[in-house]
Structure formats: C-alpha cells, structure tokens
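Letters are used for the chains, namely A, B, C and D, taken in the order the chains are written, and counting of residues starts over at 1 for each.
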Amino acid sequence: MVCIMPSTAEAVAGVPDGAVVLIGGFGSAGQPVELIEALLDGGARELTVVSNNAGNGDSGLAALIRDGRVRKMVCSFPRQSDSWHFDAKYRAGSIELELVPQGNLAERIRAAGAGIGAFFTPTGFGTPLAEGKETRMIDGRGHVLEYPIHGDVALVAAYQADQLGNLVYRKTARNFGPIMAAAAKTTVVQVDSVVPVGAIDPENVITPCLYVDRVVAVPRTVAA
Amino acid sequence: MNGIDRDTLAKVVAADIEPGSFVNLGIGLPTRVANFLTPDSGVMLHTENGMLGMGPEAAGDQVDPDLVNAGKIPVTELPGASYFHQADSFAMMRGGHLDVCVLGAYQVAANGDLANWHTGRADDIPAVGGAMDLALGAKQTFVMMNLLSRDGSPKLVAECTYPLTGVACVSRVYTDLAVFLIEPGRVVVRELFGITFDELQKLVDVPLEQS
Amino acid sequence: MNGIDRDTLAKVVAADIEPGSFVNLGIGLPTRVANFLTPDSGVMLHTENGMLGMGPEAAGDQVDPDLVNAGKIPVTELPGASYFHQADSFAMMRGGHLDVCVLGAYQVAANGDLANWHTGRADDIPAVGGAMDLALGAKQTFVMMNLLSRDGSPKLVAECTYPLTGVACVSRVYTDLAVFLIEPGRVVVRELFGITFDELQKLVDVPLEQS
Amino acid sequence: MVCIMPSTAEAVAGVPDGAVVLIGGFGSAGQPVELIEALLDGGARELTVVSNNAGNGDSGLAALIRDGRVRKMVCSFPRQSDSWHFDAKYRAGSIELELVPQGNLAERIRAAGAGIGAFFTPTGFGTPLAEGKETRMIDGRGHVLEYPIHGDVALVAAYQADQLGNLVYRKTARNFGPIMAAAAKTTVVQVDSVVPVGAIDPENVITPCLYVDRVVAVPRTVAA
C-alpha cells in the first residue's frame, strides 16, 4: 500500500550503503532529480546505480557520481557531452562500469519485475559485450543468455499519481519508469501532482499502484 | 573523386525508404534523412526512448523537456503518435517490427558486420545505447557514412578491426562515393557518385561487383 | 467433527489478509473470501485476465461483456482500478507482486506441494489456467479446501498422488476442520474447528505439530 | 501500413491451410467472433490455434473447432462448462492439445513479439507440463526453458482503431490482444469503430499502429 510522503528526504529514507538503486530517466527526461538529490543528502555510499546514462551536467545523478557515492554504474550510454563527472571518475579508475546494450538493459529490468530467471537474446552476440556470457544457437541465430537486474530501490519520476499510487507519465519521460517500478523492492516516485482516486481513467494507468511504495509531490518549476 | 554531400546522400537514402515504412534514424548523420521524407510518404519515425510518430525538432515554444529524441534533442509529436516504455520500445526494435534503421558506422565489413559503438582505444569511454538492438532488430539495416575516414583509410573493410556492434547485420551501405549492397558472399555496387568503378575498387580492400 | 461451513471458513481466511494487501482469489470456494473483506481494509483484488481493483459481481445493468473475472463471471470496477494485458497481468503474478493468493486444491503435501489442476484420469480434459503461475508467484499461497474428499480420504497428504501444480509453494491450508501452517520440515496446526488435535491427527497421514 | 478493410471476409483473406492462428479473448471477452466466422467461411483447414480457451458455446472459435478446421489447440484452459465442441473432438482423438500454463502462454507470445529466443521461468517446474523440457536451477529455484510462440496470423478484437491502426481496448477485453498483435506476421483487428487520426491520445494508445496490418469495423449489437 502506497505512502504519500511529505518530503523527498522522507521518501528516500532508509536506503542503505551498498544498495542497488534503479534510477529512471533518459538524459534529463524523466530523471527524478529531486529524489536523487535527497539520496545525496541522505548520505548512502557504495551504491550500484542502474540508469540509462551516467549523469548530465552537475545535478541529479551527476552530483551523486561527483560526490563519490556511486561504486558502480550499470548503463548503456555513459558518454555524453555533459557527463564530465562520470568521465573523470571513470578515467581515474574510481568508478566501475557495466556497459549493457540499451535493449538488454530494459529487458533485464523487465525480467526482474516479471519473474523471468534468464533469457536468450540475439543482442550483443559476437561482440565484446557478450564476452564470458553463455551463448546458444536458436533457430540458426546466435543468442546470449542475460539475467534480470533487480533493484533494492527504484527512483522514478512520473507525471501524476492518484492517492493509491497509480501512475501516469508524460511523453518520452515515461522511458524506464514503468519497468523500474516493477523491478525494485521499494519504489519511490516523484510526481508533478497527486490527484484523487478516480481522476485517472483505469484504461490509462501505466504503472498500477501495486508497484509503488512511496510517492512525493515535487511540482515542476519548468512548464510542462 | 568528388562524391556527394551529406544532404544529397540523405536524399538518396530517403528515396529508398518505402512509403508507409516504420523507420529509426540513428544519432548524427542519419538524422538528416528525416528532412527528405515527405509527409505524404506515410513514413513513421520511431525513437528508441519510447515514441512512434516523432515529428521534427522542436523550436521555440514547442520545446518540452519531456519530449526528446534518442540524441536528447527536443522534438515534436505528429498526429497518430504513441508513447511506450523502454522495454516495449526495444521489443518493437528487437522483435523485427521496424522496416528500416539507418545507422552511422566506424566500419562495415564485406559480410555485413558492423562496428559503430567503440573505437576500442583505452582512453575512450564506451557507450552503446540502442545500436546493437537496432542493428540486429530492424528488417533492414542501412549504414550511412563517408567511405573514407579522415586519415584516408576505407571504412568498408574485409574484416572490422573495431569492436563489433553486430554480426552480419548490415544490408546496404550509403556513402559519399557509392551505394553498396551487402549480399550473401558478395558486395555489389549499386550506384557511383563522381567516381568510376575501377577507382572505387582501388580504394577498398573488398572485392566489389557491378550491379 | 462438525467443522465450519464455507462462509465461516472464508471469514477466517479474510481475517488473515493484511489491510492494503494485493490479493488474487482463485475460482470457486476462494471467491467467497471477497465477501468478508471490508472496503476499509484497502485490500485490492487482482484478476488474472487483466485487472487490479476488481469489484463485486455485476448485477442487472452493471453487466458488461468486456468486464469479467477469471471465472468469466461479469464483475464491476472499483475506483483506482487499472487494466493491463495478459503478459503484464502475469508479470504481476510471476514477479512476486501479489501479497496473497487463495486457491482451491485436490491435494496439498506436507512440504507445500500443490495439486489442483488435473485429476490425471484419462477421460479428464486437463485445464490449468493461471494456477501454476499464481501458486509460485504470490508472496504467500493459501489453500482453501475441505480437509476430506467426498470419499473420506484426506487431501492433506504426505505426497501428492495427483499431478502437481507447483512444488513447495503452499504456506497455509485453510480447511473446514483446521488451519495448517506449512513450515520448513513440519506442519503446524494453528486452529481447530470442532475437532481435537488427536482426532485430527488420526485423519491425516502427515505428522502434525501443535502451535 | 494498415489497411482498413470493407468486410471481415477480406480482412481474413489469404490465411493458408496449416497456418498458426493466434486468437485473442478470454472466454467471450475480447474474442473476435466475426473474424473467426469469416475465417470459417474462408475455408482454411489444418489450423493450429493459439488461444486461452478452446471455444464457448457454438459460435466463434467453438464453430471453427466443430467444423474440424483446427488440427491443434495451444491453450491454457480448454475445459469449460460450454466447451462441448472441443471436448468431443478431444475425446475422439481428432484434435491435438498443447496445454500451457496461462502465464507461460502469455510470456511465450510476448517473447515472439519482443525477439526473445527463449526464457527460463519457474512456472511449471516439477509438474507434468514441464516434462521433456530443459530445466535449470537459477538462484536455487527450478526453472523451465520456454520458447516463443509466433503466429502467421493474429485475430484480435479491440475497441477503437484510428485510421493509422493505433488501438485501444475496453476493460478486461484487452487480455491477449496487445501481445498477439505483436507476435504474428499479419495482424487482423476487428473494432467497434474506426476513429480519425488524432482522436486517440498518444499517451493512451495500447497497441501502436506498426503492429496492425488490417482493421475492419464490426459494430457491436450488444451495448458496450
């Protein structure tokens, strides 16, 4: 059952050192910046962060990396024009990187939420990203065996939650939110607004409330 | 050996995309193909971050931080668009539902192997994104690149020296100097741009055939 | 040896479901549990055909052929409900997101093995539905059944003779005569209904422990 | 690109003998009855039908089975109070049955649409439905290897399509539609109505149009 939290600090309370944290967003779109900053203030260290990118600029995930809280990044696309904090840590050898093709990243997160033990995928076969992994020919095509990525915590940004925790997203900010919400033991969501039960049409709910543990409203200053 | 410029090349690629196709255009050079797809062609663009029916780049008031393309550039939405999450977006790519993807490349091998994600240099931070999924998943994978790299070495090669993106996945290579069809056991030159077949053959270490 | 009736048993099960739980009730006897879940408990019902927030059975004008439960009975929708397709619905079950499922059974073994989908008789047409997914996927799997079958043989057994639904998946067995907790290496009797522990032990070929 | 078809006969034209046909619906909800009846009129034989149930009463899938068009049923729950046509064929040994747990059925259909080569699932482990299948212990839990179910054709009932073929469904009639639409070479959809492009909010599209090949409007006589 969902808890509507009064602050981002309380929403992310209790994340232990060494936790695996799934962080939504594709670049800035859908990145739960305020939750990440609350996590930074909370002091958790030695985190494994699973997120498509490795931070942009100086805020959100980039700040978490800058402050040395992240032991390992699992992502598909760390290198960006403004990923300087990750770049510096990586070149200094002070952050570990598991590079995962984006589709495998998404499917592995989905598998965790869906109770799949492992799956064979053609993506990555014959490339350095499949090195050391089990492979198999299926219907004449090379496949790699990939395992689920479970999170201790997921930090997700959505557009609206109702009082039960049902979520809707906006446009391409949806990206990793729905699959990460399902793949973590505790799912924490920041939303633009919390609406009454019944305000979201049941046909249009993207993340059903049973995937959501904590919700906090963080109204956006940028028009949306 | 003049070749054609990037926009002319983009126009050549666009002309080869069947009306009504579902298409993913990679970051960089391939993005230009969109400029030459006419609205009445019914081509719908997919962006791997979770949208089908992507419109042109957003300008001014259209800019919405929640609506970006795979290169994180603000874009617009066309009528008939749809949004979906990452697993659904990649299921679309990996399940063979896109007709064409157009990707840039460091190298393409004569058998269709693609290298476009990592130079392999120690100081280079690798990043792969959706390249591996796209290269393997689309019904046809087109590559768009200059035939020669800045140091003059050909990017169509007998065997890739850069780390692979995918094995035997490229079906056509569009370059400033020629269009190559990658067919089983052979590479066919379909079109030449300001160069003769013999001149072209001298540039690449792959046996070419005339169409 | 009177035991309790079905509704009293359903009430016992309902009382054990934590407020705010997400619950799937199997076809048949378990469906009755819904009648004893008070609205203020915040329990949400999942139906495997693609809905969370299922309401009571539909009556009169409420009947909608597009809105049915797992038993194909028309039902209603509660505020805060959501709909999803079959793969998403079973991901919910298989991914461990339901707190409790309540299933009927032909047999439950002392180690929690469940048999509830097939008698194994040659003339019987097998049908499994979502039973295997539910039995394994829910955080807790409760079984609700009469302790004895019509021929008087116990349905809590040392080892199932019917084909299995799932291995070691049942955590509690609610019967007309007693509630059993299936714990590692032992079966504990939590509650007795109109029967003594010694009488109960004589009925079943499984060593029981008192709680 | 979608074709809006003038009749159900034209919508299902060209289904060859021996085709694998995915048929949506859970009992009657979401069953594309009129498309199935057009398939029956079309004369295709020796079909493999993948559907959750094996027909209800005397119409739709039940009629297809009654007329001996179905060589094999792949389903999770054939036995129902009104599945008499299937029951008779099965007892007479004139129809083959592959019984699949419902979650494995859904996940295998999803896998076909998503390009997954095979996956390990706990469902069915240690039961007769896993006999002869590859098994593996993953994290101490028994898993069974399951393969995708691809269709030559999918017959799906949805609520509305826009002119491009984007689909929305109604309530629990959504069931197998979205995953079957993605798993077949040709997807044929009957809808209550076809609406203009733009009438469906892009946030609420359930089946994006690239999964849909043919749409036919079959207004329902029953109020919905």
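The rule is simple: a contact is a pair of C-beta atoms (placed from the backbone, for glycine too) under 8 Å apart; a residue touches a chain by one contact, two chains touch by 3 or more.
Fair warning: this is a prediction, and the values are worked out from it, not measured in the lab.
Common neighbours of chain A and chain D, by the contact definition above: B, C. Between chain B and chain C, the least number of touch steps comes to 2. When the C-beta pairs in contact are tallied for C-D and for B-D, the bigger tally goes to C-D.
Farthest from chain C in terms of Cα centroid separation is B. The mean-CA centres of chain A and chain B are about 28 angstrom from one another, to the nearest whole unit.
Centroids of chain A and chain C (each the mean of its C-alpha atoms) stand 35 Å apart. Within chain A, residues 107, 110, 114-116, 121-122, 169-171, 202-203 each touch two or more of the remaining chains. The multi-chain contact residues of chain B, meaning those touching 2 or more other chains, are 51, 77, 83-84, 87, 90-91, 93-94, 137. Chain contact topology: the protein chains form a pattern that is neither a line, a ring, a star nor a complete graph. By the definition given earlier, chain contacts exist for A-B, A-C, A-D, B-D, C-D.
For chain B in complex with chain D, the touching residues are 19-22, 42, 44, 46, 51-53, 77, 79-84, 87, 90-98, 137. On the chain A side of its complex with chain B, the touching residues are 26-30, 52, 76-80, 83, 86-87, 90-91, 97, 99-107, 109-110, 121-129, 142, 169-179, 206, 222, 224. For chain C in complex with chain D, the residues that touch the partner chain are 47-51, 64-69, 72, 77, 83-87, 89-91, 93-94, 118, 123, 125-133, 136-137, 163-167. By the touch criterion given at the top, residues 107, 111, 114-122, 136, 138-139, 141, 143, 147, 168-171, 201-204 of chain A touch chain D in their complex. Note for the complex: chain A touches chain C at residues 1, 110, 112-116, 162-164, 166, 182, 197-198, 202-203, 205, 208-211.
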